[in-house]
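Just below sit the structures, each encoded as structure tokens.
Next, two complexes with subunit A in common: one pairs it with subunit B, the other with subunit C.
This part shows the complex of A and B:
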């Protein structure tokens, strides 16, 4: 069985600072990492690999040259090999462009039974790529899976529909997007991190996957970013500096008044 | 069990310099860093003296992302209501290559990590090492949770609190007297404004050190370094004095009072605080240096207590780099002999003792005693500012001769036993 996990390289959201005067995020110099939701997808793939015989896991990603390094974490967590597409023409792709590139990569990889993705990306969270990709590849799709088990040539999944859960079974090959509830991703041990560098890493460009630059990137994007601002959140700047007991009570009261706590 | 040749704990300047030297010589080297990226947990006041390190890593720092070349030095004595500043500006500071530069560690350490990676070092951030791994009575690797990684040599470059050095028995638990607490804020200001405030051209930088009433009689002081688009402003206070003299004062409260001083307020007004950090600083000098080597283990940088507070120059980063390089060279020697015993690795101490940084530590070994004198922070700034206030002031009454004012101050304030004793002690530095 061959599982392909699609992962996105995103800016580390915890490291993004908001300019206090303009509310613009400072994106320069922010380190990149693999998206959180995709780590759940990868963890699930590795768990399937560990529970069944003859499972290989390939991780696929599209992005900047930094991917050469970023993708090592996926290999350390347990993917067998990685295919990364690094091409300046894919910069600025919207969900459609990303799905087209991923579809081409997966088609070139060939034989694949299960495709796993996160429910959405940590940065933009449009949640569109899994469905678009399934459509292009003409595969059955199961989105928002919070449970997933592999049966013989089939999968059984529980979908999270917010007010209800839906249990589904699908024939393989299929595409599944997972939610964070599905598992707790592992931290790879040092020795696994060391070995990651020795696993196969394939670096492709658009030429390698026969995709044209016109279909992807900023020019092909139908979505246009008009503004990107953080909501204005003035600080309350309340300081309680009496003795500890009354300060705690005052802090609790203030939190209740703000509607943060319900005492 | 997996094995590499060298594991370096800590991707600061010591660890990365050692990694650079070793990887450059083709050694398989792994750097493990607790922070999310090299530099993320590292705090320095902000100035690197380049002369002591240049010969050790020739050419490497030519393209480094420094903030500004320091061309202006200020030293300010503060009393509760006055300040006296000495400023040194010189064209000699403008010569190339620079004598000293300001740096921001998040940027500089990442750059150095890149350079070490390019040479082949493997750097793993976000990973905490729990202990050294011992075999047959010598260090033979590291342990992190259940994970054991064997190595011929471990270099402990894990900073001032180095629990690797402590766990390996290289030193006792830290004494409060040997450690100071630094609090630092990075305040963003437009590049042009920084230049105007300090009278600098583009790329030029200034530094300012402060001592006096701001530390309430405790050993320590304030510092200010100009970066490209920010100021690094902070205070360092002896932990011993904080415990003994003012156990109820918190350093960040003192720092807030420091920031409200008119001398500082005017500089930072309109700026945005973008980073606030605190860090311990080794200040014990030569006497607090631990054992530097053992079988399979070397200690470098802050972990080895290699820091020198000379009152007007504060050094640590240059010493970290030099000790890292020397640790790397010692490993290369040991590797050639395939002998990683304490005896073989002891060459590191020889290298270090032959270096100018160790000689400086030795020359200024009495500095900590001199600088812990409370009169330095209370009495002397007071006397200096009173004298100058009198000299500069013009009153309705006739003024006395300057020579008379000076002599009177000297006889009244300075011809005293404790002052003369202080002077006598200062011969040691």
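This part shows the complex of A and C:
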């Protein structure tokens, strides 16, 4: 069985500063990492590999050249190999462009039984990629899985929806997106980190797949961003850091003045 | 093509988006899938739908995304809809993506705001994990936009309209995804989205037993207890419908207490509409203090009993 795990390289959100005057995020120099939900997807793939015979796990990512380094973590966690697509023509792709590129990478890899993704990316969280990818590849989709088991060429999953837990079954091949609750991703041991560099890493460009530069990247994007700013909601930031008794008194006095304490 | 097609698997949410679409003067239509069709059409007309497209078929009973998106694609063609407006529930946002790919057009999910300006629909959604708000437009001929539930208020038109009901025959086959069981989550009847005072707890709370202290405090301030994701989803101390955050409920109380909550952006982004934010945390450097109006730096096990005592006087 062959499992493909799609992982997105994202900015380390904790490290993004906001310019106080313009409210713009400062993205230059912010380190990158693999998305959180994708680590759950990878962990699940590796657990399936550990519990069944003849399972291979390939991670796939579309992103900047930094992926050459970032993807090592996935190999250390237990993926057998990685395919990264790095091409300047892909920059500026919206969700449709990104899904088209991913789909073409997966088609080129071939023979894939199960595609695992995160329920959303850590930064944009649009959730469009799983749905779009399933449509392009003409696969059944099971999203928001908080439980997933492989049974004899089919899977059973429990979907976590707002008001219900929905158990479903579907024959493979299929596409599944997972939630954070599905597992606790492992931290790779040092020996695995050292060995990751010896695993196959394939670096592809658009020429290696069947997608053309017209279908992807900035020019093909149909979603246009007009602005992206931190919300300007000035908070008072009056922090009371004295002994508890006087801090509590000051806070209560302030709340009374605000008129929001209705006792 | 100029019309708007409105759909949600939850008809009350369709009423909200119909109210919005018709207030802009766009010809609006609604789609209903499954047997509930007829019973809602009257309401849809009253909220501005000029036409209601009904599709009823056993294959639609499970609301699988492949089937629902195929049905909407068919109806959108029939209705010559320029914009398909969907409620961004978990099912809705998933359907939006697949429908957009079928139509080969752009899509915006989780729109927290939506407005029309000179014929352009401008959506605002959180970006960078909730740190920023991104304003986006779609430049494709047709567009799929999924708007957060309760973004608009449903209001019936002053003068009721009488529209037509159009039955559309389904073309999709049975979904390969078989539904084995649907287990409802317990409904406690508490809706944190409409609460005026929210007392939100996080991992600073050490044990489930300590919830009684939090509840006592919440009762005094007239609040409802809510929580961060680890509390509901990992520790299961509170039902999941009490979870605040971009992947949970968005709240807009007049008073919000974050107690033992770090204020990570994915959680905090859903609180930013609160009028007054109070943080109680023993780490002076916790990010929540940067988004708070008032902060008390201290151990919640000292602060909360002190607050309870002083407020009960």
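The definition used in the following text is that the second predicted complex is superposed on the first by the 237 of 263 C-alpha atoms of A that agree within 3 Å, B and C clash if a C-alpha of one lies under 4 Å from a C-alpha of the other, contacts with A are read in each partner's own complex, and residues count from 1 in each chain.
Keep this in mind: a residue touches a chain if its C-beta (ideal position, glycine included) is under 8 Å from a C-beta of that chain, and two chains touch if they have at least 3 such contacts.
These numbers were taken from a predicted model, which means no experiment stands behind them.
Asker: Of subunit B and subunit C, which one touches more residues of subunit A?
Answerer: Answer, by number of touched residues of subunit A: C.
Asker: Touching A:214 in the superposition: subunit B (first), subunit C (second), both, neither?
Answerer: Neither subunit B nor subunit C is touched by A:214.
Asker: For A:152, using the defined touch cut-off, is the partner it touches subunit B, subunit C, both, or neither? Pick first, second, both or neither.
Answerer: Neither partner.
Asker: With the two complexes superposed on chain A, say which partner A:31 touches: subunit B (first), subunit C (second), both, or neither.
Answerer: After superposing on A, A:31 lies in contact with subunit B but is clear of subunit C.
Asker: Thinking of the overlay built on chain A, is A:225 touched by subunit B (first), by subunit C (second), by both, or by neither?
Answerer: So A:225 only meets subunit C here.
Asker: Using the superposition on chain A described above, determine whether A:190 touches subunit B (first), subunit C (second), both, or neither.
Answerer: Only subunit B is touched by A:190; subunit C is not.
Asker: Is A:20 in contact with subunit B, with subunit C, with both, or with neither (first, second, both, neither)?
Answerer: first
Asker: Going by the contact rule set out above, which residues of subunit B touch subunit A in the complex?
Answerer: 2, 4, 30, 32, 36-37, 107, 122, 124, 127, 144-147, 149, 272, 274
Asker: Considering the complex alone, what residue numbers of subunit C touch subunit A?
Answerer: Going through subunit C, the ones touching subunit A are 65-66, 69, 89-91, 93-98, 100-102, 104-110, 122, 125-129, 131-140, 175-185, 187, 197, 220-222, 229, 233-234, 241, 246-247, 254-255, 265, 272, 275-279, 284, 289-299, 302-303, 306-307, 310-311.
Asker: State the interface residues of subunit A toward subunit B in the complex, per the touch definition above.
Answerer: Checking each residue of subunit A against subunit B gives 12, 15, 17, 19-21, 29, 31, 189-191, 193-195, 197.
Asker: In their complex, what parts of subunit A are in touch with subunit C?
Answerer: Residues of subunit A touching subunit C: 11, 13, 16, 18, 25, 94-96, 99, 120, 122-132, 134-136, 140-144, 156, 161-171, 174, 180-181, 222-231, 233, 235-241, 244-245, 247-249, 251-252, 254-255, 258, 260-263.
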